[in-house]
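These are the structures in question, set out in turn.
In the two complexes that follow, chain A is the common piece, with chain B as its partner first and chain C second.
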Partner chain A sequence: MNLLTRFSWLRRWETLLFVILCVVIVINTQLSEHFFNVDNISNIFRLSIEKAMVVLLMTFVIINGEIDLSIASVMGLAASVLAFTYEAGWSLPVGFVVAMAVGALCGVINGFFITYLNMPSIVVTLAGLIAYRGVARILLEDRSVGGYPEWFTGLAQNGMIGSFPFTVILFAVMFVACFIILGRTAFGRYVYVIGNNRAGAEYAGINVRRIKMTIFVATGLMAAFAGLWYAARLGNIRANAAEGFELDIITMVLLGGVSIFGGKGTMLGVGLSLLVVLNMRNGMSLANVSGNVQTSIVGALLILSVLIPNWAQSLQNTKWWRSFVERDKPSLTKGETAKGEAG
Partner chain B sequence: MKNLRIAFLMMIVLLVTVQPAFMQDVIVATPGQEVNMLLLPKALGNAVFDQAHEGAQEAHAELENPGELIFNAPTEASAPGQIEIIEAAITQGVDGIMISANDYEQLLPSTQRALEAGSTVVTWDSPVDPSGEQVFIAQVDFSETGTVMADMALRILGEDGGQFAILSATPDASNQNAWIAAMQEVLESDPQYANLELVAIVYGNDDPDDSYNEALGLIDSYPDLGLIMAPTTVGIAAAAKAMQDEGLCGTVAVSGLGLPLEMQEFVENGCAQEFALWSFKDLGYLTYYVTYLLETGAMEAEAGVTFEAGRMGTYTIEEDPTREGALRVLMGPFSVYNADNFEEWAVDLEATPEAGS
Partner chain C sequence: MRGLRGVLRVQQIRELSLFVILIMVLLLFGSQIENYFTPRTFDRIATTVAIITIVAVGQTMVVLTRNIDLSVGSIVGFTAFLIGRQFAEFRDLDPMVAVGLAMGVGALMGILNGLLVAYGRVPAVVVTLGTLAIYRGALVEYSGSQSIATRQLPDWLKELPQQTVFNLGEVEFGALPVIAIIAVILFQVILTYTRFGRRLYAVGSSPEAAEVAGIPSRRLIFTAFVISGALAGLGGFVYLARIGTITSEAARGLELQVVAAVVVGGVNTFGGSGTVIGTLLGALLVGTIEQSLIRMRINEFWKDALLGIFILIAVTSDSVIMSRLRTWWAERAQKARRSQLPASSSAGKVKA
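The block that comes next holds the complex of A and B.
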């Protein structure tokens, strides 16, 4: 019974997001005749793809009951490492590998302190947010490093596979991979179990440390990759690249119905939340809504995303709702309900 | 002496801008043509950009443009935020895009796309690389900014000189960086500034809190500091406020580029001595005229073209001496504000709450 209610709640949250998405798209088409323009659709993804990539991995982190505030700094650091090595005359692919390794190293550092020294992830990654950005600033100081080869910048700026933008294809592949790993594999199941009840997971013989470590390293790698992509898209790099992205990223994950306390949420919900936020921002830009208003609306949506499930919960606990449900399902007797709740 | 110098500078500016007008036809705008315009400053919520908007609105009304004038910017000064707005403008088919750029290079792919799509791209206040713009409307000559700042520092610190620090905007702001470089060059090349010692350059990101804290950091790190020079309106006001709160007015002077409206109280109570600025309203007005003329096809973006910009008179497009291959329209000149001419500009403020004009 408990399980059933939880799943029906999830289903309803995603349905709600889907409805919001439809409403947003309808409003957008009304606001601007350019919305369904192919260029615009590809813009929706192209201009926020770096955040979207990291959102996928952040979903794992939060469902697992942790948080990673250092991602945006890892993005900036990876980009800065690439710039630094490129400036020093290394070839771009070598710099790419070094930057990815640095991203993985950041993940290892985060993961080590959190899983082996049992420090709270919010503290460890807050330190990471400051420290990794600091290293980036040491590397590049106030310089801007550009002049990368055409193939590198072109790929992110306007690369195409057939008639589809490369960016969209890449993101679709990443999304499907994350969807399968989280929803259809034993690893994904462990992520939920640990997020729900860490002690229980340990007693059940799940290697909690290894799973947490894997998630943090994967997040570091993905953040580094997103940082390099960001560098390619902008064409030049400064140490402040991607500053402040962590909050946008966490917002999109939470809006997707992922519980900040861990254990709840689906990749589908996060995917829908991404589409809602990106389409909404694009529509507001096309309607020339100022940035201040855009930020407030996304904030209001986030508050609603926390409030609505709570309201739904308290509604379910009211007498009126219970009698309503029981009238609907006459086969369910009081005794059975009590037994179900106890079990 | 100072008045003489200003008069001399104004003479030069007049000569430069007026002289070619005798030799060439002056292009005049035809009002009433429909051109959709986007004014894109560095960020929202900065008084000077609102003034530029006022100026653009004035020109928009004057030219009876039935199209739209959109005013939009990122909430925080960032290049990616500006990219989103430019891309949306391309999708909408906006005809004239007027940008004060947060980065010299990062906007290039987008502004180039806008140019390819047939839009007019004009930068003002802060330019991009010439490959992504048609004309830059320069508020003042960038090297002149260096001289003006060096002169103010010399007047405040005196012949014997002393230590001073620069409190700038973001580390990647192309205008501030150019001005600081120009000032450093002036300091090194002219022996009269030999005793002025630049000890630090810090960045307050054009954020009042950050700038305030950076100013406090400066007085802690450099006990002998005599002057904070802030080439940004946000920075200078924050630094003056910090000195006021710390009771250091008169000990550590504050100068730079400031808005008269925001600086009035600090000049009155002696926390800021002297500052300079141009009119952002005029800058918005002039930028609008240039963009309108280019987009309606009345004028080509070529060196030597002379045009009339409404109430501001005639200007000429010229090669930008500070950036190779770039074209600019030089607005100029600087106005210097201090306690000596306080009555003039403070009275002006009550009549028209705008800077510099």
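The block that comes next holds the complex of A and C.
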């Protein structure tokens, strides 16, 4: 019975997201005639592709029952490392590798404290949020570093494959890869199992620590990559790069139907919510809503995306709703009844 | 060993070591910076610590119940700007009304947090990460990209930080640190001696057990968030008195220092243990490091990195060393009791 209600609930959440997405797009077209412009559509993706990249990995983290607040700082740190090494006269590819290594190191630190010392991920990654940003400040102080070679900035700003922007194709490949890993592999199943019941997963012989560690390191790597991409797109790096991105990223994951308590959610939902948030932000920009108000609205969205499922859950538990559903289709919603009839 | 155990609890050892670390840090900076041990340094550190402490006391209540309040920085900024603007418009606004307004608005913001966490069953991180953005956005809208300048404030408020309440030798205690000290003592007494305080610990150590025991845990969590909001409002008033110039960016990131103070001060992030005195020590450490690094100039940028590392060290030492010490002591106590057991149990039987 549980399984059935859960699946139908999930299906409805994604349908709901799809409906919201359609509504947002319709409103956007009403707001501005420039919305369906090809440039604008590709801008929606290009201008926030870094957030979208990290969202994919954050989905794994949250389904696994943890949270990572340090991602925005890792993005900023990776960009700052690149800038620092470039300033010191190192070649760009070397700086790229060093920055990625630093991102992985951040992931290892987060993962070590969380999985091996059993500390709450909120506190560890909050410390990470402060410390990684702090290291970026030590490296760049209050300087702004720019002047990168053309190929580097050009890659993110206007690289094209055929008639598609390079970023969009890159993201599509990443999305499909994450979709398959989460939904179609044993690793993905383990991620869900651990998020649902960590002790149970351990008894079942799953190497919980290794999987959690893998996810945190992968998140660090992805955040570093996204940070470098951000650096390339802006062409100019300060120590406060990507500050505050964690709000948008966590909102996109939770709005996608991923449960903050772990164990629930799909990549499809996250993909849809990503489109919803990006389109909403784009629409608000077209309507000249200021950046801070946009951030507030995303903040409200974050709270609502957990509050509404909670309400829906309590509504489903009420007598009134049960009697309503039972009268409608008893064999589908009431497991006991269905079993009784079958027997 | 038994004697020591009689005198000290694990929590107190934690606080004692923090106190030693604080003195070591002071000596370290004293040897690096000229004219460090002067009343002026003390004053600077004390006023910075005052803001952090006041907000951290509220945060302690929230963390004790296994939650976290990340929105306090935005609440401090909002209330500071709000009363700043009130002072700009009505110059002879009564001080008590101003403080009441700040705490009231802060409490309202805390009520929203508390409702969502306690009754909406949304995790505190999600709620306060959201309201962090919402309250900041509200401030930006309200300010209309204007700022409050020091000259718009009444004279008594400008002079408040310099006002000496009492002297301790050469060191003068200004009004702002005294407000913080009062808040610390008040809430330490509440935690130790009232039913509300004991219940907060109960909810934090085991929400399920507290529920079974008939403790209204939702109401307690809600109250903790309201207290945190109200104290953040008071923090906003102190912030206005100390800084004077308030923009829409005021107190951004303060929540990180506050959480750092609470965690470094030994309040367990799993809830249920910690004291306000510990939080005060944590705030002192955080504030001292921040102000001293600013005076060292070159190393000002090291502030955040050190803060993050301090949190990690504090939490690790809690979860690794302190919990081991706690179990070790408990085992020893059990052994000691067992060795006395035959005599006492036989005595019990005779009585029965």
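Miscellaneous remarks
One rule holds for everything that comes next: the second predicted complex is superposed on the first by the 323 of 343 C-alpha atoms of A that agree within 3 Å, B and C clash if a C-alpha of one lies under 4 Å from a C-alpha of the other, contacts with A are read in each partner's own complex, and residues count from 1 in each chain.
In this section, a contact is a pair of C-beta atoms (placed from the backbone, for glycine too) under 8 Å apart; a residue touches a chain by one contact, two chains touch by 3 or more.
Only a predicted model underlies this, so the values are computations on that prediction, with no experimental measurement involved.
In this superposed model built on chain A, chain B and chain C take up the same space, so to speak, and clash.
A count of residues in chain A touched by chain B and by chain C gives the higher number to C. Legend: residue contacts after superposition of the two complexes on their common chain; A:Ala172 is shown touching neither chain B nor chain C. Of the two partner chains placed by superposition, chain B and chain C are both touched by A:Ser290. Once the two complexes are overlaid on the shared chain, A:Gly134 sits against chain C while remaining clear of chain B.
In the superposition on chain A, A:Leu126 makes contact with chain C only, not with chain B.
Once the two complexes are overlaid on the shared chain, A:Ile250 sits against chain C while remaining clear of chain B. Look at A:Arg238: by the touch rule set out above, it reaches chain B but stays clear of chain C. Legend: residue contacts after superposition of the two complexes on their common chain; A:Asn282 is shown touching chain B, with no touch to chain C. Once the two complexes are laid over each other on the shared chain, residue contacts for A:Val19 go to neither chain B nor chain C.
Shared interface residues of chain A, touching chain B in one complex and chain C in the other, are 142, 290, 292, 295. By the touch criterion stated above, chain A contacts chain B in their complex at residues 32, 34, 37, 39-40, 43, 47, 142, 144, 146, 153, 157-158, 233-236, 238, 240, 244, 281-282, 285-286, 288, 290-292, 295.
Here chain B touches chain A in the complex through residues 44-45, 70, 72-76, 79-81, 83-85, 87-88, 90-93, 103-106, 108-109, 170-172, 203, going by the rule given at the top. Of all residues in chain C, only 68, 116, 120-123, 125-127, 129-134, 136-138, 140-141, 248, 256, 259-260, 263, 269-270, 301-309, 311-312, 315-316, 319-320 touch chain A in the complex they form. Those residues of chain A whose C-beta lies close enough to touch chain C in the complex are 67, 69, 113, 117-120, 122-124, 126-135, 137-138, 141-142, 246-247, 250, 254, 260-261, 290, 292-293, 295-303, 306-307, 310-311.
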